[in-house]
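Here is the structure we will look at, set down as C-alpha coordinates.
As written, the chains take the letters A, B and C, and residue 1 is the first residue of each chain.
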Amino acid sequence: MSEVTRFIPVSGGFLMVLRQGDDVFARLGALMREEAIGSAAFSGFGFVKSATFGFFDFEAGDYRPKTMENLELTNLTGTLAWKVGEPAIHAHATAGDASFRTFGGHVLSLEVGRGSLEIVITVFPGRLERAVDPDIGANVLQLMNIL
Amino acid sequence: MSEVTRFIPVSGGFLMVLRQGDDVFARLGALMREEAIGSAAFSGFGFVKSATFGFFDFEAGDYRPKTMENLELTNLTGTLAWKVGEPAIHAHATAGDASFRTFGGHVLSLEVGRGSLEIVITVFPGRLERAVDPDIGANVLQLMNIL
Amino acid sequence: MSEVTRFIPVSGGFLMVLRQGDDVFARLGALMREEAIGSAAFSGFGFVKSATFGFFDFEAGDYRPKTMENLELTNLTGTLAWKVGEPAIHAHATAGDASFRTFGGHVLSLEVGRGSLEIVITVFPGRLERAVDPDIGANVLQLMNIL
(Lines give C-alpha, C1' and ligand atoms only; values in the text may rest on other atoms or scores of the structure.)
Protein backbone atom coordinates (compact mmCIF):
# COMPACT_ATOMS: atom_id res chain seq x y z
CA MET A 1 0.00 0.00 0.00
CA SER A 2 1.50 3.32 -0.97
CA GLU A 3 1.87 6.15 1.51
CA VAL A 4 -0.28 9.28 1.21
CA THR A 5 1.57 11.96 -0.84
CA ARG A 6 3.28 14.50 1.41
CA PHE A 7 4.14 17.16 -1.19
CA ILE A 8 3.35 18.49 -4.65
CA PRO A 9 5.28 20.89 -6.89
CA VAL A 10 3.85 24.41 -7.12
CA SER A 11 5.17 27.42 -9.02
CA GLY A 12 8.55 28.25 -7.50
CA GLY A 13 8.75 25.32 -5.13
CA PHE A 14 6.69 22.78 -3.22
CA LEU A 15 3.63 22.56 -0.99
CA MET A 16 3.90 19.96 1.80
CA VAL A 17 1.07 18.63 3.92
CA LEU A 18 2.54 16.53 6.73
CA ARG A 19 0.46 14.18 8.86
CA GLN A 20 0.21 12.87 12.39
CA GLY A 21 3.46 11.29 13.54
CA ASP A 22 5.63 12.85 10.83
CA ASP A 23 9.06 14.14 11.82
CA VAL A 24 9.19 17.56 10.17
CA PHE A 25 12.97 17.81 9.74
CA ALA A 26 13.24 14.24 8.40
CA ARG A 27 10.50 15.01 5.85
CA LEU A 28 12.17 18.26 4.77
CA GLY A 29 15.53 16.51 4.44
CA ALA A 30 13.95 13.73 2.34
CA LEU A 31 12.34 16.38 0.09
CA MET A 32 15.75 18.05 -0.39
CA ARG A 33 17.31 14.77 -1.52
CA GLU A 34 14.41 13.54 -3.69
CA GLU A 35 13.96 16.85 -5.47
CA ALA A 36 17.65 17.88 -5.50
CA ILE A 37 16.96 21.16 -3.69
CA GLY A 38 20.18 23.15 -3.32
CA SER A 39 18.73 25.82 -1.06
CA ALA A 40 15.28 27.16 -0.15
CA ALA A 41 13.20 29.14 2.29
CA PHE A 42 10.08 27.77 3.93
CA SER A 43 7.10 28.88 5.93
CA GLY A 44 4.53 26.71 7.68
CA PHE A 45 1.82 26.24 10.30
CA GLY A 46 -0.20 23.40 11.80
CA PHE A 47 -0.59 21.18 14.82
CA VAL A 48 2.33 19.54 16.61
CA LYS A 49 2.36 16.67 19.07
CA SER A 50 5.73 17.78 20.33
CA ALA A 51 8.08 20.68 19.69
CA THR A 52 11.60 20.83 21.08
CA PHE A 53 13.06 24.32 21.22
CA GLY A 54 16.67 25.18 22.09
CA PHE A 55 18.31 28.37 23.30
CA PHE A 56 21.99 28.53 22.46
CA ASP A 57 24.38 28.71 25.39
CA PHE A 58 27.65 30.08 24.02
CA GLU A 59 29.53 29.11 27.20
CA ALA A 60 28.47 25.48 26.87
CA GLY A 61 28.56 25.58 23.05
CA ASP A 62 25.21 23.84 22.84
CA TYR A 63 21.45 24.37 22.98
CA ARG A 64 19.50 24.24 26.25
CA PRO A 65 16.44 22.29 25.11
CA LYS A 66 12.82 22.21 26.21
CA THR A 67 10.06 20.00 24.83
CA MET A 68 6.40 21.03 24.82
CA GLU A 69 3.37 19.05 23.71
CA ASN A 70 0.10 19.55 21.83
CA LEU A 71 0.59 23.00 20.40
CA GLU A 72 -0.85 24.91 17.47
CA LEU A 73 2.24 25.96 15.54
CA THR A 74 1.32 29.52 14.59
CA ASN A 75 4.35 30.02 12.40
CA LEU A 76 7.39 28.07 11.24
CA THR A 77 10.07 30.07 9.38
CA GLY A 78 13.27 28.57 8.06
CA THR A 79 15.80 27.87 5.36
CA LEU A 80 17.20 24.73 3.74
CA ALA A 81 20.87 24.35 2.88
CA TRP A 82 23.59 21.70 3.10
CA LYS A 83 26.49 20.95 5.43
CA VAL A 84 29.15 18.34 4.60
CA GLY A 85 26.77 16.52 2.26
CA GLU A 86 23.83 16.43 4.67
CA PRO A 87 20.67 18.57 4.75
CA ALA A 88 21.17 21.49 7.14
CA ILE A 89 17.77 22.80 8.20
CA HIS A 90 17.51 26.00 10.22
CA ALA A 91 14.07 26.85 11.58
CA HIS A 92 12.42 28.99 14.23
CA ALA A 93 8.82 28.62 15.36
CA THR A 94 6.10 30.12 17.51
CA ALA A 95 3.35 27.93 18.97
CA GLY A 96 0.26 28.40 21.13
CA ASP A 97 -1.25 26.11 23.75
CA ALA A 98 -4.90 25.42 24.62
CA SER A 99 -5.13 28.78 26.40
CA PHE A 100 -3.47 30.59 23.46
CA ARG A 101 -0.30 31.46 25.37
CA THR A 102 2.64 31.30 22.98
CA PHE A 103 6.14 29.91 23.17
CA GLY A 104 8.91 29.90 20.64
CA GLY A 105 12.51 29.86 19.57
CA HIS A 106 15.05 27.90 17.61
CA VAL A 107 13.58 24.52 16.64
CA LEU A 108 15.49 21.33 17.47
CA SER A 109 12.69 18.95 16.44
CA LEU A 110 9.00 18.86 15.60
CA GLU A 111 6.53 16.00 15.38
CA VAL A 112 3.18 16.55 13.70
CA GLY A 113 0.14 16.01 15.91
CA ARG A 114 -3.45 14.96 15.33
CA GLY A 115 -4.25 17.10 12.31
CA SER A 116 -1.73 18.30 9.78
CA LEU A 117 1.12 20.70 9.20
CA GLU A 118 1.27 22.70 5.96
CA ILE A 119 4.61 24.01 4.66
CA VAL A 120 5.39 26.08 1.55
CA ILE A 121 8.95 25.69 0.26
CA THR A 122 10.37 28.40 -2.07
CA VAL A 123 13.34 26.94 -3.91
CA PHE A 124 16.44 29.05 -4.67
CA PRO A 125 18.40 28.47 -7.89
CA GLY A 126 21.57 26.87 -6.50
CA ARG A 127 23.28 25.15 -3.62
CA LEU A 128 24.16 26.94 -0.38
CA GLU A 129 26.16 25.58 2.53
CA ARG A 130 26.15 26.21 6.26
CA ALA A 131 29.46 26.38 8.10
CA VAL A 132 30.54 27.20 11.63
CA ASP A 133 31.66 30.83 11.70
CA PRO A 134 34.83 30.90 13.84
CA ASP A 135 34.04 34.45 15.04
CA ILE A 136 30.76 33.44 16.66
CA GLY A 137 31.04 29.69 17.18
CA ALA A 138 27.74 28.92 15.49
CA ASN A 139 26.50 27.78 12.08
CA VAL A 140 25.97 30.55 9.55
CA LEU A 141 24.46 30.28 6.06
CA GLN A 142 27.29 31.08 3.62
CA LEU A 143 26.26 33.40 0.80
CA MET A 144 27.63 32.93 -2.73
CA ASN A 145 26.35 33.83 -6.16
CA ILE A 146 23.81 31.15 -7.21
CA LEU A 147 21.74 33.00 -9.80
CA MET B 1 -18.57 56.66 -4.32
CA SER B 2 -16.23 53.77 -4.98
CA GLU B 3 -14.53 51.85 -2.17
CA VAL B 4 -10.76 52.16 -1.64
CA THR B 5 -8.94 49.36 -3.49
CA ARG B 6 -8.08 46.48 -1.17
CA PHE B 7 -5.67 44.55 -3.42
CA ILE B 8 -3.39 44.77 -6.43
CA PRO B 9 -1.77 42.04 -8.53
CA VAL B 10 1.95 41.52 -7.96
CA SER B 11 4.30 38.99 -9.55
CA GLY B 12 3.06 35.56 -8.45
CA GLY B 13 -0.05 36.73 -6.65
CA PHE B 14 -1.64 39.66 -4.86
CA LEU B 15 -0.85 42.30 -2.26
CA MET B 16 -3.81 43.19 0.00
CA VAL B 17 -4.05 46.18 2.30
CA LEU B 18 -7.15 45.80 4.47
CA ARG B 19 -8.62 48.66 6.47
CA GLN B 20 -10.38 49.32 9.77
CA GLY B 21 -13.54 47.23 10.12
CA ASP B 22 -12.65 44.72 7.38
CA ASP B 23 -13.41 41.05 8.02
CA VAL B 24 -10.18 39.33 6.95
CA PHE B 25 -11.69 35.95 5.99
CA ALA B 26 -14.57 37.58 4.05
CA ARG B 27 -12.05 39.71 2.11
CA LEU B 28 -9.83 36.71 1.33
CA GLY B 29 -12.87 34.70 0.20
CA ALA B 30 -14.02 37.57 -2.05
CA LEU B 31 -10.51 37.76 -3.57
CA MET B 32 -10.59 34.01 -4.29
CA ARG B 33 -13.89 34.37 -6.16
CA GLU B 34 -13.08 37.60 -8.03
CA GLU B 35 -9.66 36.44 -9.16
CA ALA B 36 -10.52 32.75 -9.59
CA ILE B 37 -7.80 31.60 -7.19
CA GLY B 38 -7.73 27.80 -7.02
CA SER B 39 -5.24 27.60 -4.16
CA ALA B 40 -2.67 29.86 -2.53
CA ALA B 41 -0.53 30.53 0.51
CA PHE B 42 -0.55 33.83 2.37
CA SER B 43 1.37 35.74 4.98
CA GLY B 44 0.37 38.95 6.73
CA PHE B 45 0.69 41.38 9.63
CA GLY B 46 -1.09 44.47 10.94
CA PHE B 47 -3.45 45.73 13.60
CA VAL B 48 -6.63 43.92 14.62
CA LYS B 49 -9.63 45.19 16.56
CA SER B 50 -10.57 41.63 17.43
CA ALA B 51 -9.08 38.20 16.92
CA THR B 52 -10.93 34.99 17.73
CA PHE B 53 -8.67 31.99 18.19
CA GLY B 54 -9.86 28.39 18.62
CA PHE B 55 -8.18 25.30 20.07
CA PHE B 56 -9.62 22.08 18.69
CA ASP B 57 -11.26 19.76 21.19
CA PHE B 58 -11.34 16.31 19.55
CA GLU B 59 -13.77 14.98 22.19
CA ALA B 60 -16.30 17.73 21.45
CA GLY B 61 -15.39 17.83 17.73
CA ASP B 62 -15.23 21.63 17.78
CA TYR B 63 -13.02 24.60 18.61
CA ARG B 64 -12.91 26.18 22.09
CA PRO B 65 -12.88 29.86 21.14
CA LYS B 66 -11.45 32.97 22.77
CA THR B 67 -11.71 36.53 21.49
CA MET B 68 -9.10 39.18 22.23
CA GLU B 69 -9.10 42.86 21.31
CA ASN B 70 -6.71 45.54 20.04
CA LEU B 71 -3.68 43.48 19.14
CA GLU B 72 -0.74 43.94 16.81
CA LEU B 73 -0.89 40.85 14.63
CA THR B 74 2.78 39.92 14.43
CA ASN B 75 2.24 37.18 11.89
CA LEU B 76 -0.61 35.58 9.97
CA THR B 77 0.22 32.38 8.06
CA GLY B 78 -2.30 30.43 6.03
CA THR B 79 -3.50 28.73 2.87
CA LEU B 80 -6.47 29.19 0.58
CA ALA B 81 -8.38 26.25 -0.91
CA TRP B 82 -11.97 25.22 -1.54
CA LYS B 83 -14.50 22.94 0.15
CA VAL B 84 -17.79 21.97 -1.50
CA GLY B 85 -17.73 25.08 -3.70
CA GLU B 86 -16.92 27.53 -0.91
CA PRO B 87 -13.61 29.19 0.02
CA ALA B 88 -11.88 27.17 2.74
CA ILE B 89 -9.38 29.40 4.52
CA HIS B 90 -6.97 27.93 7.06
CA ALA B 91 -4.90 30.40 9.07
CA HIS B 92 -2.86 30.61 12.25
CA ALA B 93 -1.73 33.84 13.84
CA THR B 94 0.39 35.33 16.61
CA ALA B 95 -0.48 38.71 18.11
CA GLY B 96 0.92 41.04 20.77
CA ASP B 97 -0.88 43.32 23.20
CA ALA B 98 0.08 46.78 24.50
CA SER B 99 2.66 45.20 26.82
CA PHE B 100 4.06 43.03 23.98
CA ARG B 101 2.87 39.75 25.48
CA THR B 102 1.86 37.42 22.68
CA PHE B 103 -1.05 35.06 22.08
CA GLY B 104 -1.81 32.83 19.18
CA GLY B 105 -3.34 29.80 17.58
CA HIS B 106 -5.80 28.68 14.94
CA VAL B 107 -7.75 31.70 13.69
CA LEU B 108 -11.57 31.58 13.69
CA SER B 109 -12.05 35.26 12.75
CA LEU B 110 -10.17 38.55 12.49
CA GLU B 111 -11.39 42.12 12.17
CA VAL B 112 -8.95 44.85 11.17
CA GLY B 113 -8.47 47.65 13.73
CA ARG B 114 -7.51 51.29 13.51
CA GLY B 115 -4.63 51.09 11.06
CA SER B 116 -4.28 48.44 8.39
CA LEU B 117 -3.47 44.82 7.77
CA GLU B 118 -1.14 43.85 4.91
CA ILE B 119 -1.30 40.39 3.33
CA VAL B 120 0.75 38.86 0.51
CA ILE B 121 -0.99 36.03 -1.36
CA THR B 122 1.15 33.61 -3.42
CA VAL B 123 -1.10 31.86 -5.92
CA PHE B 124 -0.63 28.18 -6.80
CA PRO B 125 -1.33 26.96 -10.35
CA GLY B 126 -4.53 24.94 -9.75
CA ARG B 127 -7.42 24.15 -7.49
CA LEU B 128 -7.03 22.31 -4.18
CA GLU B 129 -9.76 21.08 -1.86
CA ARG B 130 -10.02 20.55 1.87
CA ALA B 131 -11.87 17.50 3.18
CA VAL B 132 -12.45 15.96 6.57
CA ASP B 133 -9.92 13.19 7.07
CA PRO B 134 -11.82 10.30 8.65
CA ASP B 135 -8.70 9.14 10.53
CA ILE B 136 -8.34 12.38 12.44
CA GLY B 137 -11.79 14.00 12.33
CA ALA B 138 -10.48 17.33 11.04
CA ASN B 139 -10.13 19.15 7.72
CA VAL B 140 -6.97 18.36 5.78
CA LEU B 141 -5.72 20.00 2.58
CA GLN B 142 -5.86 17.30 -0.10
CA LEU B 143 -2.78 17.18 -2.33
CA MET B 144 -3.07 16.44 -6.06
CA ASN B 145 -0.95 17.31 -9.07
CA ILE B 146 -1.79 20.89 -10.10
CA LEU B 147 1.32 21.93 -12.00
CA MET C 1 39.48 44.64 3.47
CA SER C 2 36.04 44.14 2.00
CA GLU C 3 33.01 43.47 4.16
CA VAL C 4 31.36 40.03 4.13
CA THR C 5 28.50 39.95 1.59
CA ARG C 6 25.13 40.50 3.25
CA PHE C 7 22.82 39.50 0.38
CA ILE C 8 22.60 37.60 -2.88
CA PRO C 9 19.96 37.69 -5.61
CA VAL C 10 17.62 34.68 -5.73
CA SER C 11 14.68 34.01 -8.05
CA GLY C 12 12.11 36.72 -7.34
CA GLY C 13 14.20 38.74 -4.91
CA PHE C 14 17.07 38.54 -2.45
CA LEU C 15 18.36 36.39 0.40
CA MET C 16 20.04 38.37 3.20
CA VAL C 17 22.21 36.97 5.97
CA LEU C 18 22.88 39.71 8.51
CA ARG C 19 25.59 39.45 11.16
CA GLN C 20 26.28 40.46 14.74
CA GLY C 21 25.91 44.20 15.24
CA ASP C 22 23.96 44.84 12.03
CA ASP C 23 21.05 47.29 12.17
CA VAL C 24 18.28 45.41 10.36
CA PHE C 25 16.34 48.45 9.09
CA ALA C 26 19.51 50.25 7.92
CA ARG C 27 20.55 47.11 6.00
CA LEU C 28 17.11 46.73 4.40
CA GLY C 29 17.08 50.44 3.43
CA ALA C 30 20.56 50.13 1.89
CA LEU C 31 19.39 47.08 -0.09
CA MET C 32 16.40 49.07 -1.40
CA ARG C 33 18.68 51.85 -2.65
CA GLU C 34 21.44 49.63 -4.07
CA GLU C 35 19.08 47.31 -5.89
CA ALA C 36 16.44 49.93 -6.78
CA ILE C 37 13.65 48.01 -5.05
CA GLY C 38 10.33 49.84 -5.50
CA SER C 39 8.36 47.63 -3.13
CA ALA C 40 8.70 44.18 -1.60
CA ALA C 41 7.60 41.82 1.14
CA PHE C 42 10.02 40.09 3.49
CA SER C 43 10.16 37.31 6.03
CA GLY C 44 12.98 36.51 8.43
CA PHE C 45 14.26 34.84 11.58
CA GLY C 46 17.45 34.78 13.64
CA PHE C 47 19.08 36.02 16.80
CA VAL C 48 18.83 39.63 18.00
CA LYS C 49 20.91 41.47 20.57
CA SER C 50 18.14 44.01 20.99
CA ALA C 51 14.61 44.46 19.70
CA THR C 52 12.60 47.61 20.27
CA PHE C 53 8.86 47.14 19.88
CA GLY C 54 6.27 49.93 19.90
CA PHE C 55 2.52 49.94 20.56
CA PHE C 56 0.77 52.87 18.91
CA ASP C 57 -0.97 55.31 21.25
CA PHE C 58 -3.50 57.20 19.13
CA GLU C 59 -4.04 59.80 21.87
CA ALA C 60 -0.33 60.66 21.98
CA GLY C 61 0.12 60.05 18.24
CA ASP C 62 3.26 58.00 18.84
CA TYR C 63 4.54 54.56 19.78
CA ARG C 64 5.09 53.48 23.41
CA PRO C 65 8.42 51.68 23.07
CA LYS C 66 10.03 48.79 24.92
CA THR C 67 13.47 47.30 24.30
CA MET C 68 14.31 43.69 25.03
CA GLU C 69 17.65 41.90 24.73
CA ASN C 70 19.07 38.57 23.56
CA LEU C 71 16.07 37.04 21.87
CA GLU C 72 15.57 34.40 19.22
CA LEU C 73 13.48 36.18 16.61
CA THR C 74 10.99 33.47 15.68
CA ASN C 75 9.45 35.46 12.85
CA LEU C 76 9.89 38.84 11.18
CA THR C 77 7.17 39.82 8.68
CA GLY C 78 7.15 43.10 6.77
CA THR C 79 6.96 45.14 3.62
CA LEU C 80 9.28 47.63 1.92
CA ALA C 81 7.99 50.83 0.31
CA TRP C 82 8.96 54.51 0.08
CA LYS C 83 7.87 57.73 1.78
CA VAL C 84 8.98 61.16 0.53
CA GLY C 85 12.06 59.67 -1.12
CA GLU C 86 13.16 57.58 1.86
CA PRO C 87 12.80 53.83 2.50
CA ALA C 88 9.65 53.17 4.57
CA ILE C 89 9.97 49.80 6.26
CA HIS C 90 7.02 48.30 8.11
CA ALA C 91 7.71 45.19 10.15
CA HIS C 92 6.23 43.14 12.96
CA ALA C 93 8.08 40.44 14.86
CA THR C 94 7.74 37.71 17.45
CA ALA C 95 10.71 36.70 19.61
CA GLY C 96 11.43 34.18 22.35
CA ASP C 97 13.72 34.46 25.36
CA ALA C 98 15.93 31.84 27.04
CA SER C 99 12.84 30.26 28.65
CA PHE C 100 10.94 30.28 25.30
CA ARG C 101 8.38 32.86 26.43
CA THR C 102 7.50 35.06 23.47
CA PHE C 103 7.01 38.79 22.98
CA GLY C 104 6.10 40.74 19.90
CA GLY C 105 4.56 43.64 18.09
CA HIS C 106 5.37 46.48 15.74
CA VAL C 107 9.15 46.74 15.31
CA LEU C 108 10.88 50.08 15.88
CA SER C 109 14.44 48.72 15.63
CA LEU C 110 16.39 45.48 15.61
CA GLU C 111 20.09 44.77 16.08
CA VAL C 112 21.46 41.36 15.16
CA GLY C 113 23.04 39.41 18.01
CA ARG C 114 25.75 36.79 18.27
CA GLY C 115 24.75 34.53 15.38
CA SER C 116 22.92 35.69 12.29
CA LEU C 117 19.57 36.82 10.98
CA GLU C 118 18.27 35.44 7.68
CA ILE C 119 15.75 37.41 5.61
CA VAL C 120 14.08 36.56 2.29
CA ILE C 121 12.91 39.58 0.27
CA THR C 122 10.27 39.07 -2.45
CA VAL C 123 10.41 42.03 -4.82
CA PHE C 124 7.22 43.50 -6.34
CA PRO C 125 7.30 44.92 -9.89
CA GLY C 126 6.97 48.67 -9.13
CA ARG C 127 7.19 51.44 -6.60
CA LEU C 128 4.71 51.82 -3.73
CA GLU C 129 4.47 54.66 -1.24
CA ARG C 130 3.32 54.94 2.35
CA ALA C 131 1.34 57.98 3.43
CA VAL C 132 -0.44 59.06 6.59
CA ASP C 133 -4.12 58.23 6.23
CA PRO C 134 -6.02 61.25 7.60
CA ASP C 135 -8.91 59.02 8.76
CA ILE C 136 -6.72 56.99 11.10
CA GLY C 137 -3.67 59.16 11.76
CA ALA C 138 -1.20 56.44 10.85
CA ASN C 139 0.91 55.41 7.86
CA VAL C 140 -0.85 53.17 5.34
CA LEU C 141 0.65 51.47 2.29
CA GLN C 142 -1.00 53.08 -0.74
CA LEU C 143 -2.08 50.60 -3.41
CA MET C 144 -1.76 51.44 -7.11
CA ASN C 145 -1.38 49.34 -10.24
CA ILE C 146 2.30 48.34 -10.53
CA LEU C 147 2.11 45.24 -12.72
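In this section, a residue touches a chain if its C-beta (ideal position, glycine included) is under 8 Å from a C-beta of that chain, and two chains touch if they have at least 3 such contacts.
The shown structure was predicted, so the numbers you read here are calculated from the model rather than taken from an experiment.
Q: Counting only chain pairs that touch, give me the topology of the graph as line, ring, star, complete or other.
A: Graph shape here is complete: every pair of chains touches.
Q: Same or different: at the subunit A/subunit B interface, is the fraction of residue numbers used by both copies above or below half?
A: Answer different: the two copies use largely distinct residue numbers here.
Q: Using the average of all C-alpha atoms in each chain as its centre, how far is it in Å between subunit A and subunit B?
A: Using C-alpha averages as centres, the distance is 22 Å.
Q: Quick check on subunit C: which residues sit in contact with 2+ other chains?
A: In subunit C, residues 12, 43, 75, 94, 102 touch at least two other chains, as defined above.
Q: Quick check on the complex: what are the subunit A residues that touch subunit C?
A: 12, 41, 43, 53, 55-56, 58, 64, 66, 68, 75, 77-79, 90-94, 102-106, 122-125, 133, 135-136, 138, 140-141, 143-147
Q: Sort out for me which residues of subunit A touch subunit B in the complex.
A: 5-12, 15, 17, 19-20, 43-47, 72-75, 94-102, 114-116, 118, 120
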